[in-house]
Structures are given as structure tokens and as C-alpha cells.
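Both of the next two complexes hold subunit A, though its partner changes from subunit B to subunit C.
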Partner chain A sequence: METLISILITLGASVIFAIVGTVAGCLLSGLDRIISARMQGRVGPPLLQPLYDVRKLIAKDNVAVNGTIGTYVVCALVFTFIAGGIFFSGGNFLLCVFVITLAELMFVMAAYASRSPFSEAGAHRETLQIMAYEPMVLLLAVGLFMATGSFDLSVLPFLDQPILFSLWGIFLGMLYILTIKLRKSPFDLSYSHHAHQELVKGVTTEMSGKTLAQIEVMHWCENILYMGWVVMFFIWGNPISIAIAIVAFILIYLFEIWIDNNFARVKWQLVLKSTWIITLVLGGINITVLAFL
Partner chain B sequence: MEMIGFLILFPLVIAGLLVIFRQDKVRNVIVWVASLVIMGASIAMVAMNIGTTGTYYMFDSAVIDWASIAISVIVGAVVIFYSVKYRRKWVLALAAIQLVGTLVFEFGFAHDIVCLRGLYVDSLSLIMTLIIGLVGSGICIYSIGYMEDFQAEHKHEADRRPRFFALMFIFLAAMYAIIFCNNMIWLYAGWEITTVCSFLLIGYTRTEEAIANAFRQIIMNMVGGIAFLAALFYMALQFNTVDFLDFIVIGTLAPALVVFPLTCLSLAGMTKAAQMPFHTWLLGAMVAPTPTSALLHSSTMVKAGVFMLIKCGPIYAVSFGPSIFVILVGGLTFLFCSFLAISQVNAKRVLAYSTIANLGLITACAGVGTAEAIWAAIFLVIFHAIAKSLLFLCVGTAEHHIGSRNIEDMDSLFERMPRLARLMMLGIMIMFIAPFGMLIAKWATLVTLIGTRQIALILMLAFGSAATFMFWAKWLGKLAGIAGEPDNVEITVHKSEWFADAVMVVLAVLACALIPVISNYLVEPYVASVLGMSIQPIRDENLYLSTIIVLFMVVMMFGVLRKKTKAKKASVYLSGVSVDNESRVFLNSLSQPQEATVRNWYMDDWFGEAKLTPIGTIICYILILIAFVWAVVSTAGLTILL
Partner chain C sequence: MSSVSKSPWIIHYDGSSCNGCDIEVLAALTPLYDVERFGIVNTGNPKHADIFLVTGGINERNIDVVREIYDQMVEPKVVVACGVCACTAGIFKDCYNIIGGVDKAIPVDVYAPGCAIRPEAIIDAVVEGIGILEEKSKKLKAEKKGA
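Moving on, here comes the complex of A and B:
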């Protein structure tokens, strides 16, 4: 019975995340565009521009290279909602990682399914990016377990001190791969918002209309989820942690926008090499210290 | 106990029948019926003993003792015969050492040792029974159709199929002997049969390459066999027993006493489980017909190796040197072979590297040896067996219908062989993506490793898993491609092949969906029986959540994915210079039509065999050397102390 209730809670949370995450992600994306524009000396679009874009996409004709792409994208979107539901309802962090990886895989499959040279190139790069950041994400899960004694996120608000104190190395490593996860330049190899450095449109070359709208919504929700992954370092059993977490959220996101606007896309070799070295050094040292000190 | 006898003897009888009746039709009937009977008997065996914590039968038989000696002689004679025929003096030397050693042991040392508990059943044997009985005999059924096509392709060669099928069934019998015998001399006889059977199966085609690879296999596995024999000598001399249970009990109570035999058994298990530096034999085994590979990789041979290591798990948990040795070799094998798989374009080689990598993980888990680690190792064995056999069978069928085992040629398989492609996709997903089976087992592994503070292994797992994602995802992507509507070429696939595939798929989906049930009734009773306690490393609610997602994915793949959509059909974007969109042809800069092709990434400069294999091999050789020096020194030190 308890098992059933907790599954239902997770599924319910997924539905709520589908709504709240979408709204929050949309606003975040709008702010992102305004701030980026200001950094570039432009005024920028209105706050709700991302919403207008998606609304327009939904109104478009239903055109597709083949039928399977849409199916994969729906799967990717659903799994993103579930991953968010697991995370924000205080579920198991590793399960959250697994489900979001499944969503990523569906995204890659959608690109492969079109057999379009451009989107396949995007799919290869996306796969490479996943390989680059996956070790760090797994080490985050390991660190979380070592710091709190379980993968369960529900223990975070009851801790004596934020996990940041024990997981400093993993936090820095996560900041590094966050740029890949948020699809920000210089690590936006597969699917970029910067037209000048993109190979047609990478993964989404063959997607249009509703399918592309779903990708956009997925991307919003992903951003919220991944920001959650870094903000959780600042949560502990003290009400003030909420304020600190919000400040951390703002600072980290501003930092990401700043990186996005100041670095040109790099080659895949550098992405793979640098992320793995950082994971090995920062993550490796951090968990070794945790285990033996 | 009668069931044990039946499961071991019945396949032997069938093998005899297959040698006698050589007509195609008769053989097909025998194989169908026998395989179904073995499946039924295996299920019955499990149903009768479910939840058992281990039943040991008082059974001692002079006939079987003599049979074991006869088997050793026959095995030795077969190997000596072939080594003389093909002039391999190293093989001859090893075979002679082993034969003489075995005879000296049987008549000189072991003759007076009585092992009262000859046979046993515990929950681990039951799990292995299901794997051998369902997956193994499924592969036998599959072989009927496959070998017919194979023979048609090799018309000018002699028809050696009767021998092929006989060997497959002998293999099953030997596996049953390994999992039910508590008398280690009998177990050793089964162990040697699997070695020589796979030798004969790998050399089936008798091409130069096949013979060379068969001999590589026999050299490596005879080194393991001799190590096994050394362990037997030590046990007989020191403890005056050949009882496996006694050995495990002595080992867990006084690990210092068993350092040497445990290291020997570890080496034996690792050679069979194709751990680095012995992994090359499993790669070489690819020259054999695909059902052989499927059998070696999924339900037999390599699983005998890890079965041995898992059995020794409780001893590793309390010992120091052998445990570190096994953990490091397993972990390094997982890491290196996952990297190496990225650089492979041949589907069977990718599967082989992935098998070796997963066996490495199982080995490492066995080396940790705690309750959670053994839980994880057993689930890795289960899912690996099912998914890998499904994949091999699919690759075999695809090879006969598209004429290639190159992954690049599997482009758009989804359209050409829609059913097969989706079976293959399911198999791949089980291997590498959560919440399908393998990843759940890896999750448990991670929990274990954190609990036991195995930092090096955690890092290897993190990087190895990332590489695993890469090589499976790009293969999966190749299959998923859809362009135009090529002819469906899967109409000519044999019924027997579909049947075997169906068995694997049903098993796969059931196993993924029923992890908590399998854990309750099969895995936990075993772990509890050997360690006195059992923990399920993952909570039920998370497992059921995984189940929901798995079922959702299966429905999507088999129900929704190929439905026609109402969407207006568009062409792919070819920079506005396309000539023929269906076949991706565009006008190049010389105004010539050119097809746009995309190859997957193989990253040979980073993960190539030339670069990584020597490093991994040398490290593992050094580890083995250190382990044996440690074993000899600590044993000698102990002798002096006492």
C-alpha cells in the first residue's frame, strides 16, 4: 500500500511539474533572452516571447519526414516530466538521472530516425555530449549518497548543513557540465540557439510544428530540472536556505548566460577531454576525501 | 534429485540420438522436442524448489567417479589429438600436463576422499537452471533454421550439422553438471567438457582463422583448468575434502587458509569469463556460427566462469588479497572493454566487448562479495543472459538477410526488417538504458560500491557506463533510421528463429517487469542462505516505478512506433540542392549527383584497439602475477607460522 501511494505521489508530481515546470521554464527562457540581449547592447524581445514562439509552432501545419520522430519526441517529453516529478517530489535522485537519460536517448533517436545528414550529425554530437557529462552526474549521485546516506532527495531539508560543504568538488564539476546540460555555448555542439555557429539546426533540423514545440517545452523543463540539481547544494534544515537557494539560482544562471555570450563553440575533442579530466580530478578527489576522511 | 539427474542426462541422450539420426527432418524434430522438454523440465525444477535455501543430497556414486575420470581422459585425448593434427606444441604440452595431473590427482590423492554430499540445489542453481534451460534451449531451437541457411551458404563444404547439434546439447548437460554438483571433481569434469565443447564449436568451419581462434581458446581455458586442478590438489592435501560447500565454509571462517586455492579458482573463473588478459578468446570465438556465439555469451561457458566467482563471493568478502585482485581485474576489464566497444563497427565484436565488459562488472561485484554485491551480480547475470542472447539471435538473422554484420549496413533496418529491428532495439535498450534490467542491476552495484567504499571501482563504473551509453546509442540510432520504403526482407526468416526470438523477448519483458518478484523468490533466498542475511538494495516503489516505465516503452515500441501518421510527408533538408530525396542524393559542387551518407563515430584515435588493448592486458597480467606471488608468500608464511 505504501509502495502504491508513493508511486502515485511521484506520478502526480510529474503532472504538476509538467505545468509548473513549463511555466517557470518559459519565464526563465524569456528572461534569458532579455538579459542576453542587454549584454549584446540590444533591447531584446518581450518576456513572453518564448511562449509566443511555441504558440505559433503549435498552430503550424502538421508536416513530418516520417511518423516515428513525433513518437520519440512525445516519449522524450513525457520522461522529462517524470524525471522532474521524481526530483521535485523528493524521490530517488538516481532514478531521476536514469529517467532523464532515457528522455535524452529518445531525443537522440528522434534525430537519427529522420536519416537526415544534418540531424544525424547533431545526434552524434548529442551522444558525445551525454558521454562527456554522464560520469559527473553519476558522481553527483554517489556524492549525494555519501553525504546524506541515501539517494533520496527528501532528506535534504532536514540536514544540519548544506551538502555543498562536503561536495565542493562535485559542485564545481557540476557547474562545468551545467553549460552542456543547459545547451549553452561553448558546449552547445548538437543544438544551439546561436544561428551563426550552428550546422543548420543540429538535432532538430527535421522537426517542425508541434514536434518542435514539444522540444521547446522539453528544453524549458530540462532547464528547471538541471538548475534544481545545482541549487539543491544550498538546501539544508534552515528556512534561510530557501533565500540562499534563490540567490544561488540567480547567480548561477547569470553566470551561465555570461559564458554563453562570451565564448564561441569549441570542438568536441575539447568538450570530452576537459569534462572527463575535471570529473576525474574534482569528482575523484571529492569522493575519495568523503570516503576516507 | 531425480530431476537433477534428468536435466544432466537427458541432453546427453539427445546428443547421442543426434549423432545417430543424421537426416535433416528427423534432427529438426528431435531438437524441437528435446528443447521444449528441457524448457519444461527446467521450469518444473524451479517450481518444485522455489524459495529454497539450499538442499544438499547425500549422494555418492563410484560410477560417477569413474565417469569423471573417463571424461578427463577423453577430454585430454581430444585435445591431444587435435594438437598433434595441427602441430600445436604448446597445446600439446598443456593438455599433457592437465591429463597427467588429473590422473595423478584422481588415483594418487583423491581416491580415498569421500564426498558425501554429491549434489545440491540452491536458489542460485535454480536461477542458472532457468537461464540454461530457457535461454540455452531457445538457442538450440534457433539453430535449426539458422544452420539450414548456413549450410545453404556453404554448399561445397561437408555437412557437419549432426556434430554441431550434439555439441550444443552436451554443452547444456555440462552446464547443468556445473551448477548442481557439490563434489568438485564432478564439477571439474563438467568444467572441462564446456572447455572442449566450445573448442570444437569455435573450430566448426575449419577455416584457418577458426582453427587458430579455437586453439587460442583452448590454451587460455586450459591454463584456467590447470589452475582449477591446482586448487583441487591443495584442497585434497590441506583439508582432505573435495566438497565445495566445505571449501566455502572453511574459506569464510578462515580466509587466510584458502588464499592459494581461492586465487587459483579465481583465475579459473576469470579465464572462462574472458576477463582481461584472456578476453581475446571470446573475441576470436566470433568466427563460429552465430548460435555458438549466442550460447557461449549468454547462457553457458562465460556464465560458468562468473557462477564460480559468485559462489566464492562470501569468501572474497572476508579475504584481502584475492578480493582486491578479482575486483581490480573485473573493474579494469569493464572500463577498457566499454571503451574498446566504441571503436568497433562489426556488430558481433561490439556484442563481444559488451559481454566482456559486463562480465567484468559481475566479476567485480563477486569480488566485493557483500549481500548487496551478490544481489547485483546475480541480476547482472540474469539480464545479460537474456538480452545478449536476444541480440545475438537478431544479429544472426539480420546477417543472413542483409548479408552483413557491419553496423553501418544496418542503416534503416527498421524499414527493411521491422519486427526484427524492434526486437534488436529492445535488446539493446535492456543492455544500457534505465529503467531496463541491466541498469537496475548497475544501480544496485553503485549502492554496493558506495557502501564498501570502493572508490576506484566507482570511478571505473562512472566512466565505463558513459562509454556504454555511447556505443549502444549510436547502434540504436542506426537501426531507427527511416528513409523511403525499401522492401521488407524478413518474410523469409525461419519459424524456429521467430520462436526463439519470441522466447527471449517474453523472458526479457517479464524479467524487467518482475524484478521485485525475482528478488523475493530467487535472489534473496540465495543471498540469505550464504550470508545469513539479505537486503534488496533498491526499494520496491522505485522498482515498480521502473516497471511502469518499461511497460510504457514496450507498448510505445511495439504498438505505436510504426503506426502511420496523419502528418503531411516532407522531404529531408539537403541544403536545397537535392536530386532524389528518398535516397538522399544531392547535386554536389561539380554538379554531379552524390548520395549524402553519414557514418557513426568510432573514435579510433581515442578508443582504438591498438591503443587501449596493450595497456589493459599488461596491467591485468601484472595483477595476476602479484596475486599469485601474494598467494604463494602468504601460504608459505602461514605454513611456517603453523
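Moving on, here comes the complex of A and C:
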């Protein structure tokens, strides 16, 4: 019975996240574009520009190269919603990581399914990015367990102090890989929002119309989820932590936009090497300290 | 205004030309003029584009490329011929390899003359194109409902 209730709660939370996450992600993306434009001395698009883009994409004709791509993308979108539902309903963090990774893999499979060389090159790079950031995410799960004694996120609002105090190294490491997760330059190897023609459009080269719109919505929800992953470091059993978490959210996102605007894209070797070194040094030291203290 | 006119994504191809119009088109898309204010994004992928800006004329070599890009674009789509070479082949008209303007390869919706084309003319042409895009979008919707 308890299992059934927790499954129902997760499903309910997933539906709520599908709506709230999409709206919040859309606004965040619009703000992101305006702030980026201001940083470049431009006015920028209207706040709801991402919504206009998606609405236009939905109205476009359907020219998918095959039916498989659409299926994979819908699966990716649904798994993203479920991962968000698990996370924001205080579920099991490890499960959240696995479900969002599954969504990522579906996205990669969709790109491979198109058989286009550009799309495949994008998919290779996407896989490489997953390989680069995944160890850090797993260390976060391990660290969370060591710090709180549970993989359940529902314990966070009852802690005596934020997990940031014990997981400082992992927090810094997460900040580093967040740039990959949010698909920001210098780590936007597989696909980004800026116009560049090197790989045509990477993973999404063969995706158009409705499928591309679903990818956009998935990206909005992912952004909200990943920001949740770093903001949860500031939550503890004190109502003031909510205010601190909001401030942290704003500061971290502004920092990411600043990085996006100031650094040119790097080669994949540097992405892989630097993320693994950071993971090993910051995450490794942090976990070791936790293990012996 | 429907959603399509609020987010026109552009793809740009330079055919047989002196590159003058090509430079003007790219200049009009740069931060200085900030076309992103109107939701215009320069994309490198025909499958994501709504408006096809072509500069330069059509020759025996690039006719297939222009057709390929046009075919890959998803309906509704609009073609804008930028500059006199794209409209009629211009100064290159009598060259042995030139076929003619862009309309020799694909249907053109907006002709924007000029040598080189002025940024104002490019912006005017794109705005004109957005109007046609809107019409085509409505037509497509009606067709979908009918089918």
C-alpha cells in the first residue's frame, strides 16, 4: 500500500512538474536571452520569445525522417517530467539521477536514429558530455547519502545545517558541470542556442517542427531540475533557507550566463579532462574527508 | 499576429556574387542591428529555418545546392532574393556559366534589389517575407483542417 501511495505521489508530482517546470523554464529561458543580450549591449527579444518559438515550431509541417525519432523524443520528455517529479516531491535522488540519465540516453538514441552524419556527430558529442559529467553526479549521490544518511531528498528540510557545509567540494564540482548540463558555452559541444554552422545544429540537426518543440520544452524542464540540484545544497531546517536558496538560484544562474557570454567553446578533450580532474580532486577529497571524519 | 511572425528563423546562402550583398546580410544580422528583438535568429540548419535569404545569382554548380536547401526547409517557408544578382543575375547575367536569378531554381516570394543591397532594404524585405509567411501558415492550417 505504501509503495502504491509513493508511486501515486511521484506521478502526481510529475504531472505538476510538467506544467510548473515548463512555465518556469520558459520564463527562465526568456530572461536568459534578455540578460545575455544586455551583456552584449543589445535590447534582446521579448520575455516570452521562447514560447513564441515553440508555438511556431508546433505549427510547422511534419517532415520527420522516420517515426522512431519522435517516439524517442517523447520518451525523453516524459522521463524528464518524471525525474523532475521525483526530485521536487522529495523522492529518491538516485532514482532521479537514473531517470534523467535515461531521458538523456533517449535523446541521444533519437539523434542516432536519424542516420544523418551531422546528427551522429552531435550524438557522439552528447554521449561524451554525459561521460564527462556523470561521475560528478554519482559522487553527489554518494555524498548526499554520507551527509544525510539517506538518498531521500525529503530529509533535507529537517537537517540541522545545509549539506553545503559537508559537501563543499561536491558543490563546487557540481557548479563546474552545471555549464555542461545547462548547455552553455564553453561546454556546448553537442548543441547550443547560438548560431554556428560547424555541426549544422548537432544533435537536433534532423529534428524539426513538433519534435524540436518537444526538445525545447525538455530543455526548459531540465534547466529547472539541474538548478534544483545545486540549490538543494542551501536547504536546511530553517525557513530562512528558502530565501537563501532563491538568492543562490539567481546568483548561480547569473554566473552561468556570464560564463556563457565570456568564454569561447573548447575542444572535447579539454571538457573531458577538466571535468574528470575536477571530479576526482574536489569530489574525491570531499568524499575522503567525509569518510574519515 | 500569429506565432510564426514572432519567431522567423533565417538561413542564408550566397550564390554566384561579388559577396557584397552577403556581407550586408550578415551585417544586418549582427548585434549592432539586434534583429533578435523581433525574434529573428540566424540558423545554419535549413530544417529549422522559416525564411531563406539568398544573395547572388544561380549557376550550373549551385543550382542543386539552392534547391536542396529549399527542399529541406519545412513548410511554411519564404524565399527572399537579396540584391540585384539574386533577382536577375545582375552584372553577371551574360557570363557563360550563369543561369539567372534565384527564381530559375526555386520559387521566390520577395525580390529586394540593390547593388549592394542596403540594410534597410534587407529589413524591409524580411518584414514583407514575414507577411507572406503568415499567409502561407494560415493556408497550411486550413489545408490541415480540410484533410
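The working rule: the second predicted complex is superposed on the first by the 291 of 293 C-alpha atoms of A that agree within 3 Å, B and C clash if a C-alpha of one lies under 4 Å from a C-alpha of the other, contacts with A are read in each partner's own complex, and residues count from 1 in each chain.
The rule is short, and it goes like this: contacts are C-beta pairs under 8 Å (C-beta built on N, C-alpha and C of every residue); 3 or more make two chains touch, one makes a residue touch a chain.
Quick caveat: nothing in here was measured; it's all calculated off a predicted structure.
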If touched residues of subunit A are counted for subunit B and for subunit C, the larger one: B
What is the contact status of A:Thr205 with respect to subunit B (first) and subunit C (second): first, second, both, or neither? both
With the two structures laid over each other on chain A, which partner does A:Ser154 touch: subunit B (first), subunit C (second), both, or neither? neither
In the overlaid three-chain picture, which partner chain does A:Asn262 touch, first (subunit B) or second (subunit C), both, or neither? neither
Between subunit B (first) and subunit C (second), which, if any, makes contact with A:Asp53: first, second, both or neither? second
Once the shared chain is lined up, is A:Arg33 touching subunit B (first), subunit C (second), both, or neither of them? second
Which holds for A:Arg42: it touches subunit B only (first), subunit C only (second), both, or neither? second
Footprint overlap on subunit A, comparing subunit B with subunit C: 61, 63, 200, 205-206, 208
Okay, in this complex, where on subunit C does subunit A touch? 2-4, 6-7, 31, 34, 36-39, 41-45, 47-48, 50, 74-76, 137, 140-141
Residue ranges of subunit A touching subunit C (in the complex, touch as defined): 33, 37, 40-46, 49, 52-53, 55-56, 59-61, 63, 195-197, 200-201, 204-209, 212
Sort out for me which residues of subunit A touch subunit B in the complex. 2-3, 6-7, 10, 61-68, 70-72, 75, 78-79, 82, 86, 91-92, 94-95, 98-99, 101-102, 105, 108-109, 111-118, 120-121, 123-124, 127-128, 130-132, 134-135, 138-139, 141-142, 145-146, 200, 205-206, 208, 272, 276, 279-280, 283-284, 287-288, 291-292
The subunit B residues in contact with subunit A across the complex are 411-412, 414, 433-435, 439, 443, 446-447, 450, 453, 455, 458-459, 461-463, 465-467, 469-470, 473-474, 476-478, 480-483, 539-542, 544-546, 548-549, 552-553, 556, 560-575, 584, 596-598, 600-601, 606
